[in-house]
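This is the structure I have questions about; it appears just below.
Residue numbering begins at 1 within each chain, and the chains themselves are lettered A, B, C, D and E in the order written.
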Amino acid sequence: MGSPVIEVKQLHTSFMTDDGEIPVVSGIDFHINPGEVLGIVGESGCGKSVTSLSVMGLVPSPNGKVRGEILFKGENLASASEKRMRQIRGNEIAMIFQEPMTSLNPVFTIGEQLIESLRIHRKWNKKQAMARAVEMLKLVGLPRAEELVKEYPHQLSGGMRQRVMIAMAMICDPTLLIADEPTTALDVTIQAQILELMKKLNKETDTAIMMITHDLGVVAEMCERVVVMYAGKIVEEGDVKTIFQNPKHPYTVGLIQSVPDMREKKERLYSIPGNVPKPGSVNYGCHFAPRCEHAMPQCISDTPALKAFENGQQVRCWLYEDGKGAEANDTAIS
Amino acid sequence: GCSEGGGKEGGSSKGGTMIYGRGGDSVALDPAVVTDGESFIVTEQIFENLVQYGKDNTEIEAGLAKKWEISEDGLTYTFHLEEGIKFHDGTDFNADAVVENFKRWSTSKDEAKFAYYPSMFGGFEGDEGHVIKEVKAVDKKTVEFTLTRPQAPFLKNIAMSPFAIASPKAFADGDKFAKNPVGTGPFKFKSWKPNDTIELTANEDYWKKGLPKLGGVKFKVIKDNAARLNAVTKGEIDLMDGLNPSDLGKVKDNNKLQVFERPSMNVGYFGFNTEKAPFDKKEVRQAISHLINKQELIDNFYAGTAEPAKNPMPPSIGGYNDAIQDYEYNVDKAKELLKKAGYEKGFKMDLWAMPVARPYMPDGQKVGEAIQASLKQVGIEAKIVTFEWGTYLEKVQAGEAPTFMLGWTGDNGDADNFLYTLLDKDTIGSNNYARYNNEEVHKLLIEAQQLSNEDERNELYKKAQEIIHEDAPWVPLVHSKPQLVGASSVKGFVPHPTGSQSFVDVSID
Amino acid sequence: MFAYTIRRLASLVPVLLGMVFIVFMMIRAIPGNPAQLILGQQATERAVAALTKELGLDQPWHTQFWAYFTGLFKGDLGVSLKTNTPIAEEIWPYLAATIELSLAAMLIAVVIGVNAGIVSAWFQNSWFDYCAMVLALVGVSMPIFWLGLMEQYIVAIQWDLLPTTGRDNIRDSVDPVTHLYLIDTLLNGRFDQFIEVIKHLILPGIALGTIPMAIIARMTRSSMLEVMRSDYIRTARAKGMRMFWVVYKHSLKNALIPVVTVIGLQIGLLLGGAILTETIFGWPGIGSYIYEAISYRDYPVIQSGILVVAVIFVLINLAVDLLYAAIDPRIKYK
Amino acid sequence: MTQPLVKVENLKMHFPIKGGVLGKTVGAVKAVDGVSFFINKGETLGLVGESGCGKSTTGRALLRLLDPTDGKIFFEGRDITELSTGEMRKMRREMQMVFQDPFASLNPRHTVEKILEEPLIVHGVKDKAERKRRVKELLEVVGLNSWHAKRYPHQFSGGQRQRIGIARALAVNPKLIIADEPVSALDVSIQSQVLNLLQDLQKEYDLTYLFIAHDLGVVRHISDRVGVMYLGNIVELADSEELYDQPMHPYTQALLSAVPIPDVEHKKERVILQGDVPSPSNPPKGCPFHTRCPQAMDTCASVKPVLQEIQPGHYVACHLYE
Amino acid sequence: MAEALQNTPPMLPPDMARPAEEKAVSPWREAWRSFRKNKLAIVGLSIVAFFILLAIFAPLIAPYDYDAQKLPNKNLAPSAEHWFGTDEFGRDILTRIIYGARISLWVGFLSVAGSVVVGSALGIIAGYYGRWVDAVISRIFDILLAFPSILLAIAVVSVLGPSLKNALIAIAIINVPTFGRLLRSRVLSVKEEEYITAAKAIGMKDSRILLHHILPNSLAPIIVTGTLAVATAIIEAAALGFLGLGAQAPTPEWGKMLADSRNYIIEAPWTVLFPGLAIMLTVLGFNLMGDGLRDALDPRMKN
């Protein structure tokens, strides 16, 4: 498969707030291979978006601080200059956001916004760029592309806007596409359209995709590998099949169990007790320990490391440090 | 070089244009219909009267009439006119023109329009009190006035600015005339930018040879006194009126500037409504007269440019009684008097302060404030009340003000114009704001009106002043000498007590 | 858009009617008889009565109102009691003076205010931001009459740099054509006078412009900050756009929308503030025209003057509303 | 069968659109356009559909928080559309609502105690101590502690706020609770807590639910019967098992197939719909779904199908089944 | 199930099991907390507090009588005896400025209180009843707002006659539409809030909704706008005083002091400098405070 497109090592991102420095992402590692779709799942506030912004170098300064290595084709973006980052953004790494409604500038036409990347990175003239913009709109399956470029975002529906966002991201043929919850704000039928489109583009252009979502269904549908995040840390990683069929971390297990299944009716849902902690409020041991049924004294005092299994699965849990894992897992599932 | 600028436009060999800075614009330029000083100051340049005042006094001199005779009974005045004078529009000035002018005023019956005529001559033609029976052109250069009864100040009256002779052809045009005045004077009207400038140019054909000396005059409105002074200092204008007394010192220190002092023909006073308690008590009025330190007021608010007043008329006017002893500043005496009147502990009152600056009262509010503080010494709590000028006058006239500040500038330099106008019982409801009603004074004043012998008249006026002093319907405060400032290059300017003067002799080096 | 304009105009009708009525009634309620004022202290009672009648002031108010109201439709604003000239004829020079002054003030306010706001927002929390915002706060708190006096004292009198009062050099005054002196001097080919007129505009312009400037700077800053936090700005940055263009292209146009409203509202403040500024700087504008008319009880001038100012204000706000459509395509007026 | 608790007949809710020079009414948003259904006592009726299809409006009209344009709503046999405002106010203790946004539906300036006390005050519980006791009880019922009573809404997490919302609804002992997307704003792990709570409460207090949601999984989990809405109409209504196993309406079929299933093994036929939901202010003629329907026929464009009972308890509005 | 939520494992460190002690933090408390952190706001509060203290204790603090004239002491420059110099009546300027704080604050607070009461009442009526009542009231607001405020104030004072009381009334009148509109829009927007729907759903009466929900939730914007309006009112009162339409002699009103000293600006600049500074500082104080309050009370800033 060749060397990974991007490799993130020990990424730490924190924000200075009134209450001091709050770590939001604390030491995560992952990589994405060329053409691969990596899913990042986790509940709200666990640091998914911040991770993606860190990769893009768009963490708001001066409050945000990013440490660690972000190797993009071997180049460390974490220490790249702003100028270099500008060359990469929109060109080699592109991004689409959760809210198609607000992610387009309301006062410029679709066309004007689409061609910007080309004008910046390729220095194309307006006409040339516009032609390409129309082409891209057709590619993402939008009708009336020629007229659409002259319209304003508010004249489009949510699904159409998200397609425009995708066209905009794909216009410079990026090597990596970061999609931050691209379908959360959309209705199921529209979500299905968009996911279908992304799959198609991934196949046709071989663009690697970092797919951020909190919907396990979307992960199952789209991704090859998954990273599960909880409170700023990766708790489990592996390929999709393994994660869904043999989740190891109690959090992953709970997550999968607590989603009501459309195919069959359970008498009662499994539920993880307690709440997602506010970032910075838990900073010892395993972040999940306060909600974990299997928590041991060790969990509270010491932070477990990621433990790798042969099948590529990695888990951050004390249960697996001495082979007790399998047993605990069984109890959780039953 | 303040005089450049204007030379070219004047278009003559004459001197430059003089810029005169003032606080407000003229209302109109037809002297017969206006009543305000800012209008007269301009019409005085454009128009002339049959007779005129002396340069710095109110003695009568020849004007358009070179000489005149008065009949024994004082009922007929015959004027012999200068010859060869033309109005600015080229028409001839002659006896017919004079007749036309008087006809215009006397027959108009429009008191709203021609306000001065009826008040100086007892009404319009046909009115009972009308003084002028007939004006007749004897020949081209002789005019004869017949009066119904003798009027002592008749000549002084016709020398007043409102009775200047205008071109009959021009005023036949009606309303336009007020904006396009045509007279015989040394300067001709050129243009008027409302609220900004009025421009006059020299009358090339002026009948007095060699005059005027200036090529033109510009009247420029600069409302703020300080700004106006600043403009003279910077040489933007040549002459200004309305100097803040407080700035006098600064001007005197500046050798590029000179100060002109207008002889006083006014009085500023603090009046009582003699019908309202407690001011219906003479003692109260006298007590307050003892409380006001006039010299301090003059030092602080007139920068010393006024004299303390003890009579209701200025000393420059015939009949002034200098023998009167003013109430001296004495708080104890005041207290005593109040005690006598039963106001030992003082009382509360309204003090109406003038809202606008007038020559006799450059800052009424502040003088009021000072008086307020003086009254407090004997426990009189005065509340300062003020209204817009028009309202103020109206309300004071209606007797609504218990105490008030006002003043008067003489129209024609005659004692009658002060004492009768301001303190006779006939004028209650009009200019007798104090509503002072003294039968004895009334008799004296009416008698004086009928006399034509100056000395006898003066005696009567002196007598009246004594009674008034004792009754103290007012505290006469000051006779002010308004200050004007000019660039040192201004020559030949003499301010006139009436407030308006011709610039015919003025020149700029 | 057209229908909207018509509708807005139609909705102005009751406002304008109400304004005419209120102004009329209020002016009538002012105590004092203008006839007395016109004739002055020396006038006799009969003279005053005669003039009162002539001016129609003895008529019942509704007769006077009706006469005034019908006159308005013929462009008849009444006749000044003081100058006996139709107001419609004499008002323009004053209006022109105020317009020139207000435009100068607005120019100063907008150019400095908007840019200071932008730079402050861009470099939020920098020393520039702090200084600018503290200054802006001081500016908002500035009593303009005091500022005007201080300017006059320091700049014009102590340093003798600029003229203290008026619109032009008294000795070499401008020949009015349009009464907008900046234009007139150029029409007359007098560049030296043009400079002179500008010199006269500076101090009153600053005095009048300070508060709007401060308000605009604050508004621009907060509006920019809000816009710069928005999703579409993140999108623009994700394209690799330079910060300068992100700020001046993508953010500014959006941020200007509320700023335009504020600018519109400031014009009302300017027209009001003009009274104070004009008093101090001897500016022959509409403010001093009205103020003087009040002390002269020149009813027609007061009511027509206030009306003209209010109508201008209302129309400017209408224009501002319509301007939104040009900036913000979302506002679809149909 | 006994009389249903709620019976809705041909409910319509149109919102006027103002426009034109004079601001006249130029059209209407047909948010709900003729909906009929019933809810039996003790059961849960789920209502699903895409955004803007009129679910919330139906819910609100049912409580008469909106005045229906047309139609009848029977509650225990009484037509509540004919009640006066005062009578309706009294009626409200029978039916309560739980909202989607747990924060927006709690007054930020009131403590939890005050929030829970209010319905008691309104419905005439005069005794203060009694009210305090009830509040404490309510908090415990929904799994909060009594020491939470003095706190303000912003001091709670999303799930806890939703519990407060539920407690408020329970305060007056209602028979019917309309839950408008009560879990959509919550995290997955919290969502299951709230769903469980709702189920427990239903059992304990014999509650009837109208459960509105767009998450098909959630609806299936909690509902006995499910109605599918599209553009202001119910297009299919059936027993939950039956609807999910044998969807009949093409829209239901597409909807079900569009949901991503969190199971990698699961392979299924996808029906991907084209285009967007039309605007309710200008709905298509005939069958509202015909513009996107993969099986549309000619009649669909002209004749609006009515909801018919195709199988016992299974209602569909589609020409395919006529 | 309540236990499920609270299943705090027994071995948790003590600080995890402590939530019971967390006190009720009311939104006001919260606001005060964030207000306190805002340095500029605290500066503003201090300035305002300073002037309020000056106003209250003026007779104790002021070295002289505010209206004690000593004409020979005219326009003395600042010195040890007269820190801020004297005016043309020989009165101590410092004293007059201290007493002036009373006037300005009085006018500021009272006029704003007046506008708040009248404006809020009208705004609530308009917002609540809607239809023609709203139309009429809103039109009146539109009309009042169509006049530049100073102009309107001048006109009102011309009608009523110049005095401090009338200036106060004029300022109150011109601010009425500000609060009227604020309340109206609050009523309209709060009416749409979900918690109001919730209140209706539990069968609450309209009057109770208004009193218990809408009004308390409009308080914060009223406080913010009110504070800023006090600032403007102070400036407006000073402007009227400056034009001679406000306080009358010998009231030590700052604007009037400025106007009275205007002619002495060259000879005695301190007579103009200090009153102006006093106005600016007070207004600045209120503006800073208002800004801080807005940041602290604006719900948008909260998460």
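Criterion: contacts are C-beta pairs under 8 Å (C-beta built on N, C-alpha and C of every residue); 3 or more make two chains touch, one makes a residue touch a chain.
A quick note: this is a predicted structure, and the numbers were derived from the prediction, not measured.
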(request) Find out how few touching-chain steps suffice to connect subunit B with subunit D. (result) 2
(request) Treat each pair of touching chains as one step and give the shortest count from subunit D to subunit E. (result) 1
(message) Going by the touch criterion at the top, tell me which pair is linked by more C-beta contacts: A-D or A-C.
(response) A-D
(request) With centres defined as the mean of C-alpha atoms, identify the chain lying farthest from subunit D. (result) B
(request) Determine the centre-to-centre distance between subunit B and subunit E, using the mean Cα coordinates as centres, and give it in whole Å. (result) 50
(message) On a C-alpha centroid basis, what's the spacing between subunit A and subunit B, in Å?
(response) 92
(message) From the mean C-alpha coordinate of subunit B to that of subunit C, what's the distance rounded to whole Å?
(response) 39
(message) What's the distance between the Cα centroids of subunit C and subunit D, rounded to whole Å?
(response) 55
(request) Mark out which residues of subunit E touch at least two other chains, giving numbers and ranges. (result) 4-6, 158, 161, 262, 265-266
(request) Send over the residues of subunit C in touch with two or more other chains. (result) 30-31, 157, 279, 294
(message) Could you pull out the residues of subunit B that touch at least 2 other chains?
(response) 355, 387-388
(request) State the interface residues of subunit E toward subunit D in the complex, per the touch definition above. (result) 1-2, 4-6, 20, 22-27, 30, 193-195, 197-205, 208, 212-213, 216-217, 299, 302
(message) Help me check something: in the complex, which residues belonging to subunit B touch subunit E?
(response) 225-226, 244, 246-247, 249-250, 293, 296-297, 299-300, 353, 355, 365-366, 368-370, 372-373, 376, 384-388
(request) Spell out the part of subunit C that touches subunit A in their complex, as residue ranges. (result) 125, 230-242, 250, 253-254, 327-330, 332
(request) Flag every residue of subunit C that touches subunit E in the complex, lowest number first. (result) 14-15, 18-19, 22-23, 26-27, 29-31, 134, 137-138, 140-143, 145-146, 149-150, 152-153, 157, 268-273, 275-276, 279, 290-291, 294, 302, 306, 309-310, 313-314
(message) For the complex, give me every residue of subunit D touching subunit A.
(response) 50-51, 157, 159-160, 187-193, 195-196, 199, 214-218, 220-222, 240-241, 244, 254-266, 270, 272-274, 276-277
